[in-house]
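A, B, C, D, E, F and G are the chain letters, set down in written order, and residue numbers restart from 1 in every chain.
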Amino acid sequence: MINEILIIIGEVLIAIGAICDLIAAIGMNRFPNFFVRLHALTVGAIGGAFVPLIGVTLLSLGAEFLGVYRFFMAGASIVSAILLLFLAPVGSHAIARAAHRSKAAIVYPKVIDRLEEDRERGVIT
Amino acid sequence: MGRLYRAIPVSLLVFIVYIVFTGAITPYDIITGVLVSIVIGIITANIVISNPYKPFDPRRWAHTIVYTLYYFFVAEVKAHIDVIKRILSPKMPINPGIVKIPIRVNSDYAITAVANSITNTPGTVVVEIDENGKYFYVHWIDVKRIDEEGAYRSISYIFEKYASKVFD
Amino acid sequence: MMVVPDITYGLIPPMLISFSFITPLLSLMIKSRRFFIVYASTLGFLTFMLSLLVAINVFREGVVIYPFGGWPPPIGIAYIIDKLNATIALLAALIFLLSIISSSIYLGFYQKASTLAYFYTIVLAIFAGAIGSLYTGDIFNLFVMMEVMCIGLYTAVAFHRSKAEAIEAAIKYSFVSIIALVLYLFATILFYSGFQTLNMADLALKARGSIDGLISGGFFGNYFVDLIFALALTIWVFTLESALVPNHFWLPDAISEAPTPISAIFPVAESVAIYVVIRYMFTIFGPNSIIAEGHVRNTILLFLLILGSIASIIGGIMMAVQRDVKRLLGYSSISHIGFIYMAIGLALFTGVMHRALIASVFHMINYVISSSLLFISLISIEKITGSRNVDALAGLGRFLPLAGFSIVIGVLNLIGIPPLAGFYSKFMIYQVALEASQPIVAAITIVATAITLMGYMKLLYIVFGKPSMGGEKPREHLAASIPALILALICVVLGLSLTVGFINILEDVAASAYSYEPYVRVFYDYMKMLFPR
Amino acid sequence: MGIEEQVMLFITTIVPIFIVSIILYLIRILKGPTVPDMVIAIDAISYDIAVFLAVLAIYFKSPILISCVIVFVLWAYALDVYVAKYLESKEIGE
Amino acid sequence: MEVEPFLFNIVVLSLFVNIAMSLYGVFVRPSLIKKIISLTIFSDTINTLVIVVGFRHAIPNPIPPVVIEIPPPPQYLRQFVLQAVDPLPQALVLTAIVIGLAVLLFLMFTTLQIYRIYGTTDVRKISRLRG
Amino acid sequence: MGNTLQVVIIISLTLMVIGLAMVLAMGGFGFTVPPSSVRSLATIFLNTTFNLDTKYRYVSAMSPEAVTAIVWDYRGLDTLFETSVMFIAIVGALAISRGASEKLLKGFSKTRGGMSLIVKTITRIIIVMIASVGLSITLHGHLTPGGGFQGGATIAVAPMLLIITFSIYLFSKMITVSKAVTLRSIGLIGIALSAFIVLIIAILHGDLAYIFQNQPKLYSHYGLPSYAEVMVLGGTLLLFNTFETLAVAFGFTALFILFILPEEVVKDIIKGEE
Amino acid sequence: MMLHYILMALSALLSISVVYLAIVERDLIKAAIFSAVQSALYAFLYYLLMAPDIFLTYIPVGVGLYTALILILIKKTERYEGE
């Protein structure tokens, strides 16, 4: 019984992940500039990768047909998920910072850009 | 001596990661896991941890659990739904800009946790951090308030509240 | 019955590479330059003695096998050593030893012990790669060993890092060679795809259609199309590695820009590639194998014959216009490689196959010895002029009796003057061409020799005829002159010993190239012994 | 229908969504226009493929394939950091 | 078993096309760095082809060549041999990848040295060796 | 000239693709692609890689992972020399930049550069997890996919991330090129010794064994422990994997440090001879 | 089983486009990034060809090391390929 529940929860999470991925991919193509696309990336990373990896963990814990190595599978996928939780935001922060500093990407449709203002005033290097 | 104290939490972390990643508890795994955790712990202790007593405080762990639950089941879900709506609606109602919000936590880990929480919620991305004046510069998909205090209230107040309890 | 074979058969390459692993570690602790020279020379001597032992054993007992890890050959890797590769490996070990000894003079340019350590690490690795690719009986292991040898050669060519030409030559050589070796990997897998095996003896058996009792089974898929494509690729790759026209362009650059001790081991590297071609064309896919049916093998040999003829002439012509001595010797290499391939190509005519192979192996030995000899004697001269500009060594030969003598012997051997061995090998090629009723090829040998004569005369003129720059009377560097002298004596002895039965040994060596039965038998027996079914 | 077939059926239905999103991300990579755009698209595609690999490991019933996921996640981050450092500093070693 | 060979042939053919394109890059493009990138792609494609040779069709699906039941019962091993792909090409590729990596690392150092000496990585401007 | 050459190259490459396609079409990759059976040699590998049957007593590599078994046991010689190719490349790099690594950063010891605080902090935690995961991949190389090179390459991410997120100036206080090369050499020597270890054991018993022997063979009954109850130890494979990890991780570190040295530090040294 | 082959064919076909762009792109940074994408696609292919060992070897090498070293090389030399 507990196995079936785990599998169902896992499947639901994977389905949520797949849909989030699709939406993030659409957003990645629709959004106008780099900085806005970063938000689509966040959807893709957390909703589209972290959540389904947790789903895979639960599913594989419940799936007895995978044999004794299913614990290996669960362990590897949850470690990957936690690494992803740490790494994804840092990655997008690093690339955003570099893009803004080197002016590789424009911040065009914008309400305000306090960073640019501060940089011009010399508050921040 | 400080190095050894600091090595203990690091070794524990290594051991947990090792065993979880392996997914098996045969004697072979435990022996190699202990060896690996001792070696890595001693090598990297000084890089990772500055105050060895913090990781053993149970209150911090309790806050961590509460925070994790809140974060994943409330903050993330709200933010995801918000951004997904913006992506899917035909007119694409975005209102982006970079705002400046103050940092009110102290330790490196706390700042990092707040920044990661901000970035991990869709809709806000930390673009730059001013380490002297202690400001985040956050790219916000829907700028509601452009003043520092207002932005702080709507973006990072709740994260900082927990982060200061967990890490400071 | 002693079933675990004698350890010397498999020891040389792993031992050399293990000692090469230690060298950078030693360079951090030991700051004495002399130590590294002694270290490398000792290793070279040890290896030479070991390969001598192996060669003696092989000549006494026939083909020997060393399966690594105790796995019977098609499952694991085995070294299969017969007279052909034992002889060439012995020659290679000799040249390497002498080149290591003479490089102690050359490296006087460098003050730091660590530089010497890096140099010797690279040389030892090339050594291990060369011996390994000669001994191995596995086509994929051959790829790995060739890579070891070639990467050592690239790094060695780039050793003069501040010299623009050296780096450029290294880039040119490495790009060409990398592409070639990657394609050889593809050829290997095509062989595996069609024949289900990577072992040379196993391939040889299957190429003759005898698949009974082999644990690797029969054929898989359309083996014939695999065979054609893979063999063509393999031959192309190894003719490139041995700098046959039209893929010769990297050799003069690399050989002239490398440190001179490395230039002395380039002929060995080429002979390794030529050995592989002989192995593929005669032992594995020999005249009675499946590929001989559809004219494919004959076409490949014909190509080798034509390209060899062209190479011998082009090399000679380009030699005549060179100003730099080392570059001149590079083109001389191209010309002689042309001769060797001409001899291999003449084996196309089945009546003269045996004599053609003798001629090619003999000429290869002569070429390697005398070419290395010339480079090693140049070290001594270069050291005196104090610069690496080889144009500046005019007239120095007159002051250096030993080095001068060796240079004269080497050049005469390359030209082919009667009492020396070079004459006999060229004459043999000429004779074989006539016997095969190919007067054009015979004429080409004469013409090419005549053309190269100009280049060699020029070399002799530069070293002896030109007035020297003056200054004090230079002193001989024994560490470089004596190795050269040894090689010169070998040239003389080889020529003389032809009359007292050396030709029989040569016949044996060449026969072991195409008589695949002993090569295969030892493999078959071993497989049966360790893997009874 | 046993639980195994049900999981397989679920995965076969979910796979096209992943494929479509991978292709959409790839379009963003090909279109660019700037280097950071490409890099975040690569990030997204890496995370996507990582999940896809995990799902496929269940589909193939070979749980040992899962260790591939972690390196994919790890190296996507490494690529981010490299490109970021490339863009923001004079030399990468600084 | 009708559409599968077609799809698999597409894989192999597109790898062939990749080989041709990367060789074009190595031979024709002027920049040494571009040549290095092309060379990387070339050797990767060859490696992929090597693995393709080791692939097999199996019912219900091929599995990696790893025994996952320890100790293996005989009937498991029989099924394993029927389903597992060929491990030998994989081992060869493992070797080949490391070799290719090593060689390309060396090439990068040489290219950097070329740039330090000549101030360019364009092969048309680097040609001091003649003849 | 350039254009005609290009055309010639394009035509010959097209011909090459057509030729390869012919090889495929005529069954060079097997008559059905993909074939529905493996080659017989592969069957032997699959049967013998981990088999407790007494029939296979002397022909089993006793490693459930067939690829690792082939890499380090059946074809160990290849892998030893593969590692040595990597080693020669590193030595070549050291030889090209000789003199640069020792003079590193004298007078440049200011702590500047690096990325933002967030990246630095996360890197500090993440390297620990990376090292642990990498060692897990290594130490289970004979059980699950992975092995020495894979684990080493994964661990090598950690120093790379440290170099890039902090800076080479800071990193060089932790480890220098010579230290990294020393550790790499120790790893390589370990590999070489593991290749000879069974032989050494046999010689101590006054007998002979093969180079690269792992498990007992028909005529040479020496070997390292490989299997105990449910634990698979892998014999020499474990030693090989561990040392290879050390060698690969520090080899990459050395190369990375050498390659990343700022030009202003090395440019004068590296243009001259040493 | 169809799914398996469809995925393989798809990743191989996509790799053609990426390789083409990597070869013709004049901005070397973009070429390096395309090469990284190609590595990812090949790695996916390795996964489908049931070669997890190669996957684990190839991703660190192809995506991590090559890209890093090429980026460093480009930073130290020049970014655009002359025409």
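Throughout what follows, a contact is a pair of C-beta atoms (placed from the backbone, for glycine too) under 8 Å apart; a residue touches a chain by one contact, two chains touch by 3 or more.
Everything numeric here is computed off the predicted structure, so don't read it as measured data.
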item: Steps needed, at minimum, to go from chain C to chain E via contacts; value: 1
item: Where chain E and chain G overlap in contact partners, by chain label; value: D, F
item: From chain B, the most remote chain by mean C-alpha position; value: C
item: Per Cα centroids, the chain farthest from chain D; value: C
item: Contact-richer chain pair (by C-beta pairs counted) among D-E and A-D; value: A-D
item: Whole-Å separation of chain centres (CA-atom averages), chain C against chain D; value: 49
item: Computed distance of Cα centres, chain E from chain B, in Å; value: 39
item: Gap in Å, rounded to a whole number, between the CA centres of chain F and chain B; value: 34
item: Interchain centroid distance [CA atoms averaged], chain B/chain C, Å; value: 62
item: For chain B, residues that touch 2 or more chains besides their own; value: 17, 21-22, 115-116, 126, 128
item: Numbers and ranges of chain G residues touching at least 2 other chains; value: 4, 50-53, 55-57, 60-61, 64-65, 68-69, 72-74, 76
item: In chain C, residues with contacts to at least two other chains; value: 140, 144, 147, 151, 154-155, 158, 161-162, 192-193
item: Pairs of chains in contact (touch as defined earlier), listed by label; value: A-B, A-D, A-E, A-F, B-F, C-E, C-F, D-E, D-F, D-G, E-F, E-G, F-G
item: Chain F partner contacts - residues on chain B that touch it in the complex; value: 10, 13-14, 17-18, 21-22, 26-28, 32, 36-37, 40, 44, 47-48, 108-109, 111-112, 115-116, 126, 128-129, 131
item: Chain C-facing residues of chain E, complex; value: 23, 26, 32, 35, 39, 42-43, 46-47, 49-50, 53, 88-89, 92, 95-96, 99-100, 102-104, 106-107, 110-111, 113-114, 117-118, 126-129, 131
item: Complex contacts: residues of chain A adjacent to chain E; value: 67-69
item: Chain D to chain A touching residues, read off their complex; value: 3-4, 6-7, 10, 14, 17-18, 20-22, 24-25, 27-28, 34-37, 39-41, 43-44, 47-48, 50-51, 54-55, 57-58, 61, 63-64, 66-67, 69-70, 73-74, 76-77, 80-81, 83-88
item: Touching residues (chain side chain D, partner chain F) in the complex; value: 64-65, 67-68, 70-71, 74-75, 78, 81-82, 84-85, 88-89, 91-94
